[in-house]
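First chain written, first letter: the chains are A, B, C and D, and each begins at residue 1.
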Amino acid sequence: MLVVTTPDITPAQLDAIREHVEAAGLRTHVIRGEQRIVVGCIGDDAALVEDGLAAMPGVESVTPVLKPYKLAAREFSAGPTHVRLGSAARPVIVGGDALTVIAGPCSVEGEAMLLETAHAVRAAGAVALRGGAFKPRTSPYAFQGLGREALVMLAEARARTGLPVVTEVMDPRLVELVAEHADVLQIGARNMQNFALLSEVGRVQRPVLLKRGPSATIAELLMAAEYVMAQGNRDVILCERGIKGWDPATRNTFDVAAVPVLKAETHLPVLVDPSHAAGRADLVPALSCAALAAGADGLIIEVHPSPAEARSDGPQSLDLPAFDALMARLRPFAAAAGRTLPAAELAQVAEVAA
Amino acid sequence: MLVVTTPDITPAQLDAIREHVEAAGLRTHVIRGEQRIVVGCIGDDAALVEDGLAAMPGVESVTPVLKPYKLAAREFSAGPTHVRLGSAARPVIVGGDALTVIAGPCSVEGEAMLLETAHAVRAAGAVALRGGAFKPRTSPYAFQGLGREALVMLAEARARTGLPVVTEVMDPRLVELVAEHADVLQIGARNMQNFALLSEVGRVQRPVLLKRGPSATIAELLMAAEYVMAQGNRDVILCERGIKGWDPATRNTFDVAAVPVLKAETHLPVLVDPSHAAGRADLVPALSCAALAAGADGLIIEVHPSPAEARSDGPQSLDLPAFDALMARLRPFAAAAGRTLPAAELAQVAEVAA
Amino acid sequence: MLVVTTPDITPAQLDAIREHVEAAGLRTHVIRGEQRIVVGCIGDDAALVEDGLAAMPGVESVTPVLKPYKLAAREFSAGPTHVRLGSAARPVIVGGDALTVIAGPCSVEGEAMLLETAHAVRAAGAVALRGGAFKPRTSPYAFQGLGREALVMLAEARARTGLPVVTEVMDPRLVELVAEHADVLQIGARNMQNFALLSEVGRVQRPVLLKRGPSATIAELLMAAEYVMAQGNRDVILCERGIKGWDPATRNTFDVAAVPVLKAETHLPVLVDPSHAAGRADLVPALSCAALAAGADGLIIEVHPSPAEARSDGPQSLDLPAFDALMARLRPFAAAAGRTLPAAELAQVAEVAA
Amino acid sequence: MLVVTTPDITPAQLDAIREHVEAAGLRTHVIRGEQRIVVGCIGDDAALVEDGLAAMPGVESVTPVLKPYKLAAREFSAGPTHVRLGSAARPVIVGGDALTVIAGPCSVEGEAMLLETAHAVRAAGAVALRGGAFKPRTSPYAFQGLGREALVMLAEARARTGLPVVTEVMDPRLVELVAEHADVLQIGARNMQNFALLSEVGRVQRPVLLKRGPSATIAELLMAAEYVMAQGNRDVILCERGIKGWDPATRNTFDVAAVPVLKAETHLPVLVDPSHAAGRADLVPALSCAALAAGADGLIIEVHPSPAEARSDGPQSLDLPAFDALMARLRPFAAAAGRTLPAAELAQVAEVAA
């Protein structure tokens, strides 16, 4: 940590700063420049994080030198983390050579539409099924999801297709229930800093898909992952889904640079949600290709058998043929990125056998 | 709701759009322009909110005509809502002629510092006490608040000073507990769209101080209030506390225009938190004056007996003399705004009598 | 300047960094922490600004210690700068005790409307007249201003009312022409980093009203002022006019905190343009009051005799009675801020005498 | 254009609105909803753009139906525009099947470094050379470019390598001079709405590379292109280079979605500048791949023989081997996108022959 002092600092103020830092167990080192004095603080920055150093008289600014995340930092792990989803016998690995495409409806609206979607996305090469049971909606008057009933449908769809199931949990009181039915607990963007919820999913043994908040920096996303990991659950999958922007052309601003930045900062796998980033189905293919080209470990995509009938997110949902076409379009980009995508044909064979 | 269609829409697509809208119980009205056809939808927009109208073939854009909030809308109430805090005998009224200044430490760090702060801010003219028991912190390694113990201290401070107590609740499982000890339930900025929590505080009879999320539009803030109100709790106080910005000069960007916009849109009272908006104690006075001049119903300000010793938010906390000076500086602005501020002298007399 | 190095820096890389810095005439000072080495660079940062230090192997980040602006920095001047507008005999002083309200139409649309506005705003207490001759318009098909003809009308309005005239210059080839007719050269927000133009207005002896760019940080605004001042023209007036934001409720986001930040950083006077910040006439009064309360030295406001007939910016223009009402509403806030506003009555007397 | 009226509109106000619209030559069509009246305006919206319709009593909001750009709109052209750079005999085509990679130093710092870079980037497959002669710098004290001298060096580099030359022009007085030496006139991001400059480059017959401003919407970028095209110059190349964002992890936020949005909206070619988007050389390869995957027509990349010695933008410049590696990495992505990249080997042969 580096403390830049004000031009008019007094010797007594400087002494107080040094004593304050040293009382936290760090050593200090003073550099006297021509116009400013800088105090270098040697030792564990974290000891100083929560205090009022920046509020002391004579302090102009405090700059941390070390990253605030530890378990999520790339240095913490010898290599990229592989998160295993689904059955122990035939797990889906997120973060390995094979890209992970997760697809399904925004909301589970019924058993028939869910199964139709599940079979179709599996046939096209998706390896996991998404579907909302509890929906965060801006309006209290909008459809809030089918809740527990939808969890049962998701479990049924998994039984029929073999696809592990990803669904959002919004309430710490429901973590256990959702973990009973789902293979992956999704933390939605609006809950990225819901620390009660992060701690709760940190205490169960289910992979967590953690979406970046609309106004969260990349460092804040990693700190949210740290909350989960600090409770003991190391299976965190990060997801860029577009951040708050000011151009009305898209629903959010897809921060594709977050992918390589995260790859440099952390060992955790990184997915992209192009559907929420764009908010428009016509842009989903281009953003999906860009995500893979930037180094993402996979995608999570909204697919609906009939987007015009969708009870939520219709405009950004692909219909079944469009998803099929997208998967075909992705293959050469996956190859260009040195990654693999499950073949659509093989998936169909597996379906027949299932 | 107005539906603008694509230039190449077919008659069959236009029919399908009209049927879709009419199936929801609305009437349609078609305007044929030189280059585009527009379908006006007459009736309750809300019936169409959750569907896939925008995903239908031939639809270019959908523009709502009516505001999505109802209970929070200004039209819903004959006049400004007055929220009553504290004892029935001597309540504090938020939203009336008298401005409401709430002050206290970011975190409750101990009984002595809390009482010292409470007496000092009351003497200076504050009418309620803030203090964090459960703290949302970006890092899992930072001080998380004293929890239940702090709630007891807050209740004790109220007993000693008569000041109603405002504290944040972050977990729906703790709403009941917090409501037992506190007079106002604060929903923090990061939880503005934590819908499980909003619904839960909507079911208790305690005023709610709802902070605007860092990337929430004003309309989204009002929709969050609607969540609370739709559960039966109409005592919602809104709070602008700075939004996500890109200038590092301040911690957040204080959107002072939100104050008059909210005053035009809703009957609910509007406070401003200049401490989080600025992130720097030296800016708090100017932003406080600006907030009152813009029409705010009051302020919520972080005050600490020794900011350099604070366990959180030290750099943005005022010390006790600075708060006293601020209150003096605010008085002429309160008068200019046609509002009153409790006199510091009277507050001190009351203290002696307490 | 502080250089934080990478964890794996080699001794040779460290030596190269030190030699690089020392070759620019600075001294270096090395702090060896437990995980990182920091190189403190002692001397004039500016010598290093334009080089590739941050690109050297082993460098993780470079943090400047000193502010990049010199002439605009508060330390450069013994006190606040007073900029004098208009005639030497009865100048208007910007930055003194008296607040400066500049008002007038977005565009000069004709002689009659300009004179009507000029007389009315003077009667209400405005001390200078604004009016666009050359208009920056997003569309090439929109009204671009009356150009030279409008300059003549502005000079005529000054002759009739005694009000100094403020108008925008967009083209370095026209600086001389505009300076012949106008008392203040306005640099619009979109041209804040038009360095050819900044240099050109820096070479004439006319006060410059420099608007903050929609995506400019406060530091960048001060660097733009530095461009003008470095050419010899020290009469720069800064203007906050709203920055790029993402809430559609307002045209821009009024960054009221920029006012106290600028007051702390620079000796130059600071005005606020509430009309462009809001984009809506109904918000202009609240934002104007907030600006004065935050410490602004004055306002520049769009006023039109018939906003519905305006050829540009109608929705954000006040009509004449609304401007009159605003001036009355501002007076107690000016007094609360310890400033004065010219009395409307006196202004009217002066008008009769003129 | 659709006019939504206020709930309390009077019949006289409604009549006035209709008369206002009809006076501009449009027809009106009134839809009476249950709570609001909407006035549809049929005809050329543009006739109403510059007036005060939104300021009329009784108007709540005005929503345009048609896009404001005409020459730049996709409908204006039968197919994608191909912009030809350089010699008539062997032109480089931007916007065709072959991707266009433009590379070179941020600033021309001398003849030797320019030629070394030019030969190296040509050998790696670049088809045009970039290099700044006049540099827009935030600080007046930073290196401003070598000016005219650099133009001569660029022309010399073209003569030696056959690469067409791209350089920025910042001053309308210098457009003619720059056009004499350069093959493409670059308009920098900060000048995207410098309308005097846009008009001037619209009057010469040189292709224009128009960079998106840091706070410009995609629609505003297209309107800036419209300014150039309206003067007669139809050879406009658009360039996404990152927009203003709030995450300090990158210099700007690369809005990769702008690529497919622009491809849907306009016939003009679209390049990406990953160097300015990232601000960090290590991210340039990932962003370049993402750009091609999203459908960009090419890239403009900063390359320097020794980034640590660069006088500007060192941290984001690739060195020569890194650029060579990038071109190799791009090839499979180009193929996946169905596009071609000039082969590095062929380029080298051509160099020998030159």
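Here is the rule we go by: a contact is a pair of C-beta atoms (placed from the backbone, for glycine too) under 8 Å apart; a residue touches a chain by one contact, two chains touch by 3 or more.
Chain identities (UniProt): A, B, C, D = 3-deoxy-7-phosphoheptulonate synthase.
Quantities reported herein were computed from a predicted structural model and do not represent experimental measurements.
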Going by the touch criterion at the top, tell me which pair is linked by more C-beta contacts: A-B or B-D.
A-B
Please pick, from A-D, A-C or C-D, the pair whose interface repeats that of B-C, with more than half of the contact pairs identical by residue number.
A-D
Classification of the chain C:chain D interface as same or different, half of numbers criterion:
same
Cα-centroid distance, chain B relative to chain D, in whole angstrom:
41
Can you work out the whole-Å distance between the CA centroids of chain A and chain B?
28
Listed in rising order, chain B residues that touch 2 or more other chains are 215, 244-246, 248
Please give the residue numbers of chain A that touch chain B in the complex, ascending.
20, 46, 49-57, 68, 136-143, 170-173, 190-191, 193-196, 199, 213-215, 220, 223, 226-227, 230, 244, 281, 304, 306-312, 314-315, 317
Per the touch rule above, chain A residues touching chain D in the complex are 215, 217-219, 243, 245-250, 253-261, 263-264, 277-278, 282-283, 286-287, 289-295, 332-333, 335-337
Chain D to chain B touching residues, read off their complex
2, 4, 7, 29, 31-36, 38, 40, 42-44, 63, 65-66, 75, 244-246, 248
